[in-house]
Amino acid sequence: MVASSPRTLQASNDKAHEDVRVAVLGASGYTGSEIIRLLANHPHFRITVMTADRKAGQSIGSVFPHLITQDLPDMVAIKDANFGDVDAVFCCLPHGTTQDIIKSLPKNLRVVDLSADFRLQDILEYEEWYGQPHRAPDLQKEAVYGLTEIWREEIRNAGLVANPGCYPTSIQLPLIPLIKANLIKCSHIIIDSKSGVSGAGRSPKEANLFTEVSEGIHAYGITKHRHVPEIEQGLSDVAHSKVTVSFTPHLMPMSRGMLSTIYVEMAPGVRIEDLHDQLKAYYENEEFVCMLKKGDTPHTRFVRGSNYCHVNVFPDRNPGKAIIISVIDNLVKGASGQALQNLNLMMGYPETTGLLSQPLFP
Amino acid sequence: MVASSPRTLQASNDKAHEDVRVAVLGASGYTGSEIIRLLANHPHFRITVMTADRKAGQSIGSVFPHLITQDLPDMVAIKDANFGDVDAVFCCLPHGTTQDIIKSLPKNLRVVDLSADFRLQDILEYEEWYGQPHRAPDLQKEAVYGLTEIWREEIRNAGLVANPGCYPTSIQLPLIPLIKANLIKCSHIIIDSKSGVSGAGRSPKEANLFTEVSEGIHAYGITKHRHVPEIEQGLSDVAHSKVTVSFTPHLMPMSRGMLSTIYVEMAPGVRIEDLHDQLKAYYENEEFVCMLKKGDTPHTRFVRGSNYCHVNVFPDRNPGKAIIISVIDNLVKGASGQALQNLNLMMGYPETTGLLSQPLFP
Amino acid sequence: MVASSPRTLQASNDKAHEDVRVAVLGASGYTGSEIIRLLANHPHFRITVMTADRKAGQSIGSVFPHLITQDLPDMVAIKDANFGDVDAVFCCLPHGTTQDIIKSLPKNLRVVDLSADFRLQDILEYEEWYGQPHRAPDLQKEAVYGLTEIWREEIRNAGLVANPGCYPTSIQLPLIPLIKANLIKCSHIIIDSKSGVSGAGRSPKEANLFTEVSEGIHAYGITKHRHVPEIEQGLSDVAHSKVTVSFTPHLMPMSRGMLSTIYVEMAPGVRIEDLHDQLKAYYENEEFVCMLKKGDTPHTRFVRGSNYCHVNVFPDRNPGKAIIISVIDNLVKGASGQALQNLNLMMGYPETTGLLSQPLFP
Amino acid sequence: MVASSPRTLQASNDKAHEDVRVAVLGASGYTGSEIIRLLANHPHFRITVMTADRKAGQSIGSVFPHLITQDLPDMVAIKDANFGDVDAVFCCLPHGTTQDIIKSLPKNLRVVDLSADFRLQDILEYEEWYGQPHRAPDLQKEAVYGLTEIWREEIRNAGLVANPGCYPTSIQLPLIPLIKANLIKCSHIIIDSKSGVSGAGRSPKEANLFTEVSEGIHAYGITKHRHVPEIEQGLSDVAHSKVTVSFTPHLMPMSRGMLSTIYVEMAPGVRIEDLHDQLKAYYENEEFVCMLKKGDTPHTRFVRGSNYCHVNVFPDRNPGKAIIISVIDNLVKGASGQALQNLNLMMGYPETTGLLSQPLFP
C-alpha cells in the first residue's frame, strides 16, 4: 500500500486487498510487544519496521522470548528507521518525546499513538498535568480520540488517532451511554479503579518489583493521576458541561487486568433497569463490549488477554444510586488491542480482524 | 486460674500472675490456627483444649504444619472437651452453630466469639441477614461488641465478647472518631473494600481455588454482604441515627490483607486537616491504630501478619469531600489478633501482650 | 462431514473442505474449556455437543464467563448427547469412567481422549497404578499415543488417540530424540518438574485453595505420581529396554505452566554440543518445539497460553553430565492444544490450524 | 556493654544482663529491614546506629513503612556513623565493598557479615567467582562460617562471623550430617533449588519486576551461581575431599521461601531409614531444624517468616538413591534470622532469643 493522502480525511477501503506495512515505534515495551503479539496472525498487516533505541540491533526474540517464533526484522534506532517502507505506525513511546517524533513522520502515514501526548484537546491542560508546554499543537488539533465504540466514524478517517488510556477506557465505555441518555447525574461520580502492574511498563522501578507488589494492594496518585483530565474531558464532552470526578486508582498483584467500580447517582425517576437496558441496547451490536446478565459480576480474569470489556450495573442500598462495574485487559482493550481495532478501522478492514482470540482463563 | 465469677462484671486483675488456661474451639480453620500462632509466645495464656470435630484425634502439626513445633494437646471433638480445665475460650466456629455451643458452656468462662452470632444487637436483623431465628437471645443481650479501641471499658468486664468482622473493623476504626466529632455526613458514605482470600476460610470451594483467584479481581456480595448490618449498627450507634452505607467488597489475589477506600462528604466548614487531626488525636495513645503522615498511602503489605491498622485521609477533587483509606490484616486485627487483644483486656493483662510482632514484609 | 469408517486406518483428507462436527465431553473442567477456547476461531471444527453431567442445561457462558461470547449449544448430560451430529470427540473426563464412555460411543467417531485411561499399553500396569482393572482392553490395543511430534504417522490414521499427560509431554519431547540417537544413558535420569495449579482441575480441594498455594512451593507424589509409568513407557519404547526414572513433581503458585529440569549422564564421548545439535536438527521443521539458542534459559511465562514447547541443554559442573530444561503450558501443549493438534492431523488439516496464537506475556 | 576485647576469643556471658548496642549497616535493603523487624522485640539488643548511604537522614518508617512504629534513630551515611556507641554490627552491605568497611571498624566490635565477602576460605576462589582480588585476606583468616547448628562452638567466640548464603544454608543443613556419618556418596549430588524473589534484593531490575516474575518459573545461573563454591567448600570440609555438586537454582513467584530438592546416592548398604534416623538424631535438640515425620513433605509456606528449617528424606524409584528436601525462609534462616541466632550466641544469650515467632500461614 502506498498512501499519498494527507493524514486526515481519506478512507483506505480501496486498498484493503493489499498488505498494510506497519511500523511499531517503541517495540521493547509492553504495549509494543502486545501489538506484535496481536499482529502475528493478522491477515493484512505486516510489520516492516520496529524501533527501540536502547535495543537497536537486537531481534524481538532476544528482548521478548515469547515472540521468538516471529519472523521479523531486527529492531533499529528510531533515527535509522526507513519510513518509506511503511503505511501505518503504532507509536508506543513515552509521553513527552512522542510529540516531536510524530511531528517528524512523513505526512502520508496513518498513526495510532498509544502515549498520552495527543489525548487532551486543551493544550493548556496538557501543560498543567504533564508539566511542559505541548510542542505539536497543530497536530493536536487533527488528532482524533480513539475510543472506538464512541468515536468510530471520526476514527475511520483520522490520520492521527490518540489511543485512550486504560483507566479512561474502562470508565468511559460504561458511563458515556448513560450520560448521553441523561440517566445519571454527572455531579457525583466516584470511581474506584484497580489495575494490574503491566500498566506501569517494563522500566525497572522499586515500586514495581515482585516483592513490593505481591500479596498486597494500595492506592496511588489519589486525585492526581494523569488520567483524570482525560476522563473528565470524555465525560464533559457528552455531558455538555464540565464534569469533575473522584478517581482513585489502586495497584494490585496481577500482571494484566483492570476493574473500575463506579458509584453514581441516577437522574430523578430512573431505575436500575433503565441503566441496564440503555447499556444493553447501546452495545447490542458491538463485538467487544459485553453487557452481562442481571446479577452477574464482571471479573478481570474473564477478559484476560482479550479485547473484551465486560460491564454490569447493580442497585445500591441507598435508593437512587447505582454501582457500575467494568473490566478490561489494560494491555489489550486498554492499549494495544484498541489501537489495532482503530487501525483496522482506519485501513478499511473489519474492526475485529486479528482481535477475536478468546480470553485466557484460568 | 479458677474463675468462679459470673460471666460479666468481674475484673481478673488479681489473678494476672497465674496462667490462663485457654480453649480454642474450631482449631482447624484459619482463625483458629491464627490464635494458636499468636499464643505460641504469650507469657500468660496456655492452650489446654483444642476442638475440631472432623480432625478429632489429630495433632495441630498434622493439620497445620507451620505449628509443628508447638507442644499442644491433640484436637478433640467439642462434645469430648473438658471445660473444667479452662478459664477462657476463643470460639472460632461457623455462625449458626456457635450460639448453641456458647449457650452450653460453663457460665464462669470468659468467651471471645469470632463468629457473627453475637454481633448484631437486634435479633430480628440477625434473622433477616442470616435466614434463621436467633437461638440465644438472652446471651445476645449480655454480649459486648469487641472493637477494642472503641469499646474498651465495656470489653474489660464482659463475659462474652462478640469479636468484630474484618470489614467492619477496617471501616469503623477510621469512621467512628469522625462521626463522633461530627466531621462527616453520614448520609453519603461509600465504602469500596478489597480483601484477601483467607477471609473465606479453609473449606474447599471452587471460587477460592488458586486458579480462580490468581491474577484477577472481582466484586462479590454487592449490597448483600452480611457485614453490612454490622457496619451500619456500629456507625448508627455513634451517629445517633440510622446510617445506610454503600458497601462493595472485592476479592483479590492475596492471602491476607484488607483495604477499605471510603468516600465521604465532610460536614459544612470542615477541612481535610480537621479529619486528619481528629484521627491523629483520637488514636495518639493507641499501639495498634496508626495515623500516617500527610500524603502517605496505606498498603496492606505493611501490616501483614500484625495487629496494626494504618489509616490516612486524602482530599477529593470535589470540594467538601474526602477519601479515607485504612488497611489491616484480616486474620489479625480483623479476627484473631483483635480477639487476643480483647482477652488480654478481659484477663487484666496489658492489651498488647503477645501482639507486638512486627509486620512481615516483603 | 459424515464419517462411516471404522475407527482406525482411514484418512480424512478427502472431506477436509467440510466442517467437522465436534463433541466436547466434560466441558465444565479446565481441559474442556480450553478446547472450547482454542476452537473459537478454528476455521473447520464446529462444536455441536457439549456434555457436563452436573451442569446439564447450563450455557457455557454461565460456567465459564470468559467464553460468554461463544454461540454454542447448552451443555447436556452425557446420556442425553446425540452423537449422530458428531464426527469427532474430545473426551475431557476423569480417568476410570472414561473407558466405559468411549467404549459406548459410535464406532465411526474419531476420538481424542485427554484422560489417562488409554495411555498405558500394559493394562496390568494400568491396574497397578490406578487401582482397578482396565475395562476396555480391546480398545486399549487400538489406541495410539498422541505425542504428536513423535508419533505423527500413527496418529494420522488413529481412531482413538490417548493424549499424553502434561508431565510426560514436557519430559519426552526433549529426551526421546536424545535417546534415539544414543546420546544419553538411560540409567540415571533424574527429573525435577514444577507445575502450575490448573493441572489439578477445577474440583474444589483444600490443597488447591489460593491460600494453600500462593507464595510457596512443595513437592508431592514423590516417586508415586501416576505419570511415572507413562514417562517410563515412552522412554523405554525408544530405548528398547526398561527405563526407570526418578521423577519429583512440585506444585507452585501459577495457574498455567510447567518446567522440567532433567539431569542426565551423556554417553561416553558425547559433548553438550551434540545434545544441542541433535535436538535442533530433530525439531528443525516443527512449529511447536523450539530449541533455544545456546545459553538462553526457558521460562514458562514465554509459552503461556500457547502450544509451544521451549527447550535447551546446559553443561553440568560434573563432566559428562548435562542439564536439560523444557517448558510448556500444561493446559495447551500439555493437554488441550496437543489434543487439537492431534485432531487436526486425524482430520487431514494442517496440524497448526487454530493453534498459532502467540504466548501471552506478561 | 563496653567490649574492649580483641575481635576473637572472649565470651560475652558476663555482660549478658546489660543491653547490647547494635549497628545495622545497610538498613535500606531487605536483609537490613529483616534484622530490624526481628530485633523489635529482642529483650537485650538495642539498635543505636543504622546506615544507608542513599537514604541518609531518613527515618526507617519512611523507607520501610511496616517498621513505622519502631522508635529508632534516623539512618546515617556510613562515614558519619559513630561506632563508639556500638557493641556489635550486622553488616548487610553488597559484597565487594563490605571487605573495606569491616576492615575499618573498631577492632572490639563483634561483627556478623551477611555478604559473601568472608565466606570463602580460599581467597583465590573468591577472586575466581567474584572477579576481583580479596582486599582483606588477614581478616578472612579470622572469619568463622556462621552455619549455627554446625559451627556453634567456633561461632561463640568469633569476632567476625561470615553468615551463610541462603542456598548453602538450605543445602548444607541436611547434607552435612549425612556426609559426616558416611551415609551418602559425595560424587553424585544433584541439587535443584527454588527460591523466592526477595533474595535478589530491593534494587530495581527488569528481571525482578512483578510482571516478569509472576505466574512463571525459570532456572538461572545454571552451573555458575556464586553460591556454588560456598556449598562445595562446606561439603568438602566434612567429606575430607573435594566435592563437586550440580546446582541449579530457579526463580519463582513468591517473595520469601526456598526449597532445595537434593538427589543423592546412598553409600552401599545404607537404607532410607538410616538417613532419616541420622538427621532426626542429629537435630533432636535443635530448635530450628525440624526433621518431619516419614512421608510428610516440606512446604516453604510452613516456615514463612520464621527461622525454622523443615527437612525430610524420601526413597527414589531407583534403589540405592534418595531424595532429600529442605525448606527455609531465605530472609530468616537463610539470612537475617541466622545472623541474629549467631549474634545471640556470640553475646552469650540463648540462641533462640527473639527468634521464636511462629511461621505465618496462610
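By letter and in written order, the chains are A, B, C and D; residue numbering begins at 1 in each of them.
We adopt the following convention: a contact is a pair of C-beta atoms (placed from the backbone, for glycine too) under 8 Å apart; a residue touches a chain by one contact, two chains touch by 3 or more.
The chain list, named the UniProt way, goes like this: A, B, C, D = Probable N-acetyl-gamma-glutamyl-phosphate reductase, chloroplastic.
Note that the coordinates shown come from a computational prediction; the quantities given were computed from them, not determined experimentally.
> Where are there more C-beta contacts: B-C or B-D?
So, comparing the two chain pairs, more contacts are at B-D.
> Report back the single chain whose CA centre is most distant from the CA centre of chain A.
Most distant chain from chain A: D.
> Roughly how far is chain A from chain B, going centre to centre by Cα mean, in whole Å?
The mean C-alpha positions of chain A and chain B differ by 41 Å.
> Mind checking the centre-to-centre distance between chain B and chain C? Centres are C-alpha means, answer in whole Å.
Measuring from centre to centre gives 47 Å for this pair.
> How many Å are there between the centre of chain B and the centre of chain D, using C-alpha atoms for each centre?
Taking the mean C-alpha position of each chain, the two centres sit 36 Å apart.
> Return the residues of chain B touching two or more other chains; collapse runs of consecutive numbers into ranges.
Touching at least two other chains: 30, 198, 211-212, 214-215, 253-256, 299, 301, 304, 362.
> Should the pattern of chain-chain touching be classed as line, ring, star, complete or other?
It is complete, because no pair of chains fails to touch.
> Given the complex with chain A, which residues does chain D contribute to the contact?
30, 197-198, 202-206, 208-215, 253-255
> Which positions of chain C touch chain A when the two form their complex?
Those in contact with chain A are residues 30, 33, 37, 40-41, 64-70, 198, 214-215, 255-256, 287, 290, 292, 296, 299, 301-306, 308, 310, 356-362.
> Per the contact definition, I'd like the list of chain A residues that touch chain B in the complex.
Spelled out, the residues of chain A in touch with chain B are 188, 190, 192, 194, 196, 211-212, 214-220, 222-223, 228, 244-248, 250, 252-257, 259, 261, 263, 297-301, 304, 314-318, 321, 323, 325, 327, 362.
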